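What follows is chain A paired twice: with chain B in the first complex and chain C in the second.
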Partner chain A sequence: MMKLEAIIQNSKLEAVKAALQEIGVEGMTVLEVRGHGRQKGHTEVYRGREYSVDLIPKTKIEMVLPDALVEKAEQAILSAARTGKIGDGKIFRTRIEEAIRIRNEERGEGAL
Partner chain B sequence: MSIAKNLIAWLVTGVVILGLAQAVCAQSTAISPSPATDINSRLAKVEQQAADAKSSADNAWMLTSTALVLLMTGPGLALFYGGLVRKKNVLGTVMQSFALMAVITVLWGLFSYSLSFGSGNSFIGGFHNLFLKGVGASPDPDYAPTIPAQTFMVYQLMFAIITPGLIAGAFAERMKFSAMLVFTVLWSVIVYDPMAHMVWGKGGLLNAALGGRFPTLDFAGGTVVHITSGVSALVCALYLGKRVGYPKESMPPHSVVLSFIGACLLWVGWFGFNAGSALASGSLATSAFVATHFASAAAAIGWAAAEWIRNGKPSVLGGISGAVAGLVAITPASGFVKPMPALIIGLIAGVFCYYMVAKVKARFGYDDSLDAFGVHGAGGTLGAVLTGIFAVSAVNPIFKDAQGNVLASGLIEGNLRQLFNQLVGVAISWVIAIVGTLLILKLVDVTIGLRVSEEEEVEGLDLSQHGEEGYYWEASA
Partner chain C sequence: MTGSRWLAAIPQTNSGELITFIMAASSPIGELRTSLHDESVRIRREFELTGDGRAAVSGRTRLVEEILARLWRDIICADESKPANFSLVATGGFGRGWLFPYSDIDILFLFGDRESEQEFKDPVRRFSQELWDLRLKLSPASRTLSECERYDPNNTEFTISLLDCRYLAGDRDLFRRLHDKVIPKLVMKESKALLQGLAEVTRERYTKQGMTLYHLEPNIKEVPGGLRDCNVASWLALISAIDKLRDWPDASSLRAPVRKQLDAALEFLMSARCFLHFRQGRDDNTLSWEAQDEAASRRIGVPDTENLSAADWMRIYFGHARSVQRTVGQLLQEIPEAWSALYRQVQSWRSRLTTADFSVVDGLIFLQQPSALQDPEVLLRLFHFMAHHGLRLSATTEYRIEQALPALAATPPRGAELWLYLQETLLQPYAADALRAMHSLRLLPLLLPEFKLIDSLVVRDFYHRFTVDEHSFIAIESLHRLKQSQSEWDKRYAELLGELENPELLYLALLLHDTGKGLPADEHIVGSLEVANRAMDRLDVDPRERAEVLFLIASHLELSAALRRDIFDPANVAAFAEKIGTPERLKMLALLTYADIKAVNPEALTPWKAENIWQLYMAADNYLNRSADQRVHTDVNDEKLARLRSLAPVTGNKFRAFLEGFPQRYLLVHTAEEVMRHLQMADELTGDPVQVELKRGRHWYELTLVTTDRPALFAKLAGVLAAWGMNIVKANAFSNQAGIVVDTLYFTDRFRTLELNLSEWDRFRRSVASVLLGEADLDKMLRDRQRSEKTGIAKVKVETKIEFDDASSPTTTIVQVIAQDRPRLLHRIASCFSAQQCNIEIALIDTEGQMAIDTFYLTSSARKLSAEHCRTLEKFLTHELKAE
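Right after this comes the complex of A and B.
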């Protein structure tokens, strides 16, 4: 099992969700987050005063997948979330040791 | 059984009384004079009915205006300011406006109306109308001959409420609630009441309609409301000092949406403020209404355009700030100028106040947090001066000679003297505001203290002053 964490543009959430559902991803957790990578935010002007906003709102999708689905899911995210401009986001992959369904204590990939 | 008996007894009594009443009525009809007897009494009756009809019409507009002006404070000003502060101070800020709706109302009834509008000397009214004595259904012919004095009283109350509310923009996010209450109560009595009396009260030094020594044209409160509050705001900002972290920390408005709603409510409420200041529902009210609207529109364009040129983008906050600046500037002029000069006044105000807020404030470094001085002090002063230039007697024949001939109003009609009088009015407002505010600040400072502690300021006014939060995200569903 692998966990994928994808940080994407807010506007790309619907497209990424659709692409993941198409390849058979059944569950995900979506979070509204703020942050920055190399892209260093933007400035806003209120009554002549400039404010630099360096933490930009992004969307983070977390999902734990069976190994067989991981590559396909990464491809789906990459093609659905890309605009080609700075700020498109990143994907992180980590190995997951165990998954347990709380309702019936089913374990492993069957619990996903 | 006894209950039923009682009921029957009461019913019988009722029927007897009704019958008697009918008999009396029939008798009185019989002894009324024949219709042909007295043409004069009929004429008097018609005249009375015409006067009643006019009074009803005027009163309807004035009660509407009164409600509109209250709407300017809550929710108008409260949301306008509330959106501009940080999230942790939103309740503390709206409460500053709301508290005045309650506190000033009580003061006004007890003695402030008397101090402002009762007869007195050139500077302040007397105690004739304490506890609203003599302020009832019959009009006060000196002020508004067609509406009940009580309507005039409650209309003026709404002005007394919003004026100290405007100052809050300067001490936002750092003043103790208790200190704010004491400050505004004292300010209302020491600065507002005398100023209102001088400009609008019987025998007031600056009163243009009731024979003041230096007749200043101030239709709806450019000096009384905006200069006094705006200049006092600057004094507050300087005396209190900057907010913790200003200007290093970024303190952008937490919700321009709230400010947008507030500013639009202010725009609408201002029709009551300016057009209502005609104190009747005739053509002067229309003229003031139109001038108000035109100035606001032009000022919104002026401020937004200035931003567009300087920053490359016109902002929503810029647009609404401009609209408010235009409303401030047209306030003294609204009942004296035609629509095209109103456009000019608005446009100048929009650009000028943008410059005051974006450039002058940054240059001098005072923390007028929500720009009460930059908009109300600067815009009010500009408006008072421009009124002396653009006022025309065709709109409002306020100056007349002994024979009743209409005299020139503003500079464009050749009355250079009026510009001088406007400057006197401006100077007196500035001086009263500065001296009065300094005195009160000092007094409150040494007695209960003005500012919240640094920890409380960092925590925010909502929690530290009121024990609640504007946005309670953790609330269960």
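Right after this comes the complex of A and C.
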């Protein structure tokens, strides 16, 4: 089992969700986050005052998947989230030791 | 059980379990378990057939009593009326005789002294264990009689539970001492503390429930107006009665009409709770959507009605909850002892707010003349008063209002006068509370029948937590609370709110924006617009205000939709800003979106979202200020142009020539009627080359100038106003292709010259014309003014900033000046431009507190300013604005 964490542009959330659902990803967690990579912050001057945003609002999607689905999921995210500009985001992959369903204590990939 | 059935019933498992099973089947506990099971099934079946919650609850109470009696005999003492010094007492819900299918069983092991408590420690443990083995959820307490005499402020709930105590078994005399002596004595001694404790616990519960009963999926036990409140009403009345009578009252302590209303609510809520318990198989009191569907189809609590939708069933529920909550509210009011000392002090101070119409006693509004409510105006003033001061209506006043409603219904107030009262009420800091009171007393649907569509309306939405009407009230409340909030984001939005020209329109839009959800349609916005139009017809809202409200309702999801795109992409910002059109509408929409999201549920407006809304707002505002010069072309098919053409069928070419070349912004900030008036004024220029119109608005005076463009025109206009001591707050200055200028200046009359002297209006208008025609000496006028005026010291220091933007406009250079607002500022800035041979194509003037924010679209010789020209102008302006 693998955990995928994808940080994407907010405007790409619906497209990424749809793409993942299409390939059979049934569960995910979505978080409102802030951050930056190489994309620098944004400064807006409003009425003479500068409003700097160093940590840009982004969306993070997390999901734990059976190994067989991981590559497909990564491709789905890449296709749906890409604009080609700096700030598109990143995907991180980590191995998961165990998953347990709280309701009935089912374990392993069956719990996903 | 016969042998073969025995064998069939034996579980096919290990021997340990088998032994347990055999022992269980043949033991007293086994018999009890069987009885409990069989009787529970019978009670449930009975409920499925009749829906009678009270019968189910009584049945279960009797069943548990029998089990307790049996166990008492088996474990404690064969004689149920013994042993001495030890009693079994039902308390809380069990004491009341209300045992719901899966609720806890509240019992008290009462001992005469510590020794008895020690003596029966083991039997009590076994007794409790047997009950747990029977899967009965026990909530036991163990006290000596003397311990029951003491009130623990940290455990008000225990003392309150004693108010429902009932003898079950054991020493009857011990119980009588508790009931007849200890409890009345305790209540008399501690009535104030008990009432305060009960009120405090109730307030805490209300706070946890968001201070509202209008949840989409309410917990019918805990929510305001739920079962817990039914108990609170009884306890409040009982404590007061015992305190007065120095004994238990003979009959119910509640007044008969109140009792009747509570009983009706109780019947309904009991049935609903039994239904939920049986459905969920546990003590779960939440009316989920699925439960609502089933309750409606089974007509739970309303067996004699026709088929009901879930929404209609919930309306019945909310009706009962409302009446229970009002009863509790009234009882809490009537019992000043229920208030904390600090609260009493505050309410006592508020008595100073008494007026000729209303007296304020202990924070409650009473009518000086009860019969005054025959005049609808008094009624409207009452709610305005309530909204302004944040006071509550006394029970007597509520009663009077209810009595006055039938007469009011015959000829309800309507029209401009009603709108005047409504908008003034909407602007008050406690408007939401006043609206809730009007709604609860059925006055709001009388004044605005359209609001009935969303009365207690449950709309199934994962994110929303409250009914549609409550959502609208919370949204209005969220905006009013901005001013008190310490959060960084709330402060920013509070600043925006303070800048609105017509905040009452925003509040009206919030009140009506979701009314369309009460209509059968896929898209609620269309319905809301239709409803809002009807409501505004009733209120006689003028076309300009109506247009703003309809715009807000139509666009109330636009900003949220825009947030789903890249808000740092200039193209997205431009598209969004152009949809909105003007900075004023943008401000209102940002605030409406903020309030709308905040009212969805307490967690909905995260700082992340608040920041995104702000970012988009800023970017769009900057775009609007830097794109004001997109010109009107009369050959374009546009809704506004079409409306104008329909108003001016005979003007033909004149109309086209007048409009051609004005910026789009001109059409956005002026109504069609205003544009027609400007056209008329332009038409009269041959006779009178300077057309000036002056009128008094709600907040400011409004001067409109129509004339032909000439050098330093705007500077002179600003100058003459400064010379008259007027403070320009906002201004829009536009010109068309033919060189006709339409300048609108909004100003305050600092020395009340116009306010106090009607004759000065004409002199003022003539003064403007004389200055513009070069017939009067503006410099002298300004010097005279300066001599007579003292320059005050600014409370807030604003640093001067001058920003040049050469990129946003293809034909002009945009200059934004941020500076300390002071007399003659605009005149001095405009004079600088004139002195530097800059022509003002468009001026957008705004003031935020002590900060002047002025944006100018400049040309020189009909072209953008060169870089060198910009540098010279900046130096000149900086020097000019520093010198004072």
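Quick note on the criterion: the second predicted complex is superposed on the first by the 112 of 112 C-alpha atoms of A that agree within 3 Å, B and C clash if a C-alpha of one lies under 4 Å from a C-alpha of the other, contacts with A are read in each partner's own complex, and residues count from 1 in each chain.
Operating definition for what follows: a contact is a pair of C-beta atoms (placed from the backbone, for glycine too) under 8 Å apart; a residue touches a chain by one contact, two chains touch by 3 or more.
Worth saying up front: this structure is predicted, and the values here are computed from it rather than measured.
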item	value
Which of chain B and chain C A:G27 touches, first, second, both or neither	neither
First (chain B), second (chain C), both or neither touched by A:P57	second
Winner by number of chain A residues touched, once chain B and chain C are compared	C
Which superposed partner A:G37 touches (first chain B, second chain C, both, neither)	neither
Touched partner set for A:G108, first chain B, second chain C, both or neither	neither
Which superposed partner A:S11 touches (first chain B, second chain C, both, neither)	second
Residues of chain A that lie at the interface with chain B and also at the interface with chain C	44-48, 51
Partner chain C, residues of chain A touching it in the complex	9-11, 13-14, 32-34, 42, 44-48, 51, 53, 56-57, 83
Chain C residues within the chain A interface of the complex	563-568, 606, 608-609, 611-612, 614-615, 618-619, 621-622, 799, 801, 803, 816, 818, 848, 851, 853
Chain B to chain A touching residues, read off their complex	247, 250, 252-253, 307, 310-311, 313, 315, 317-318, 321, 354, 357-359, 361-362, 371
Touch list for chain A against partner chain B, complex	44-49, 51-52
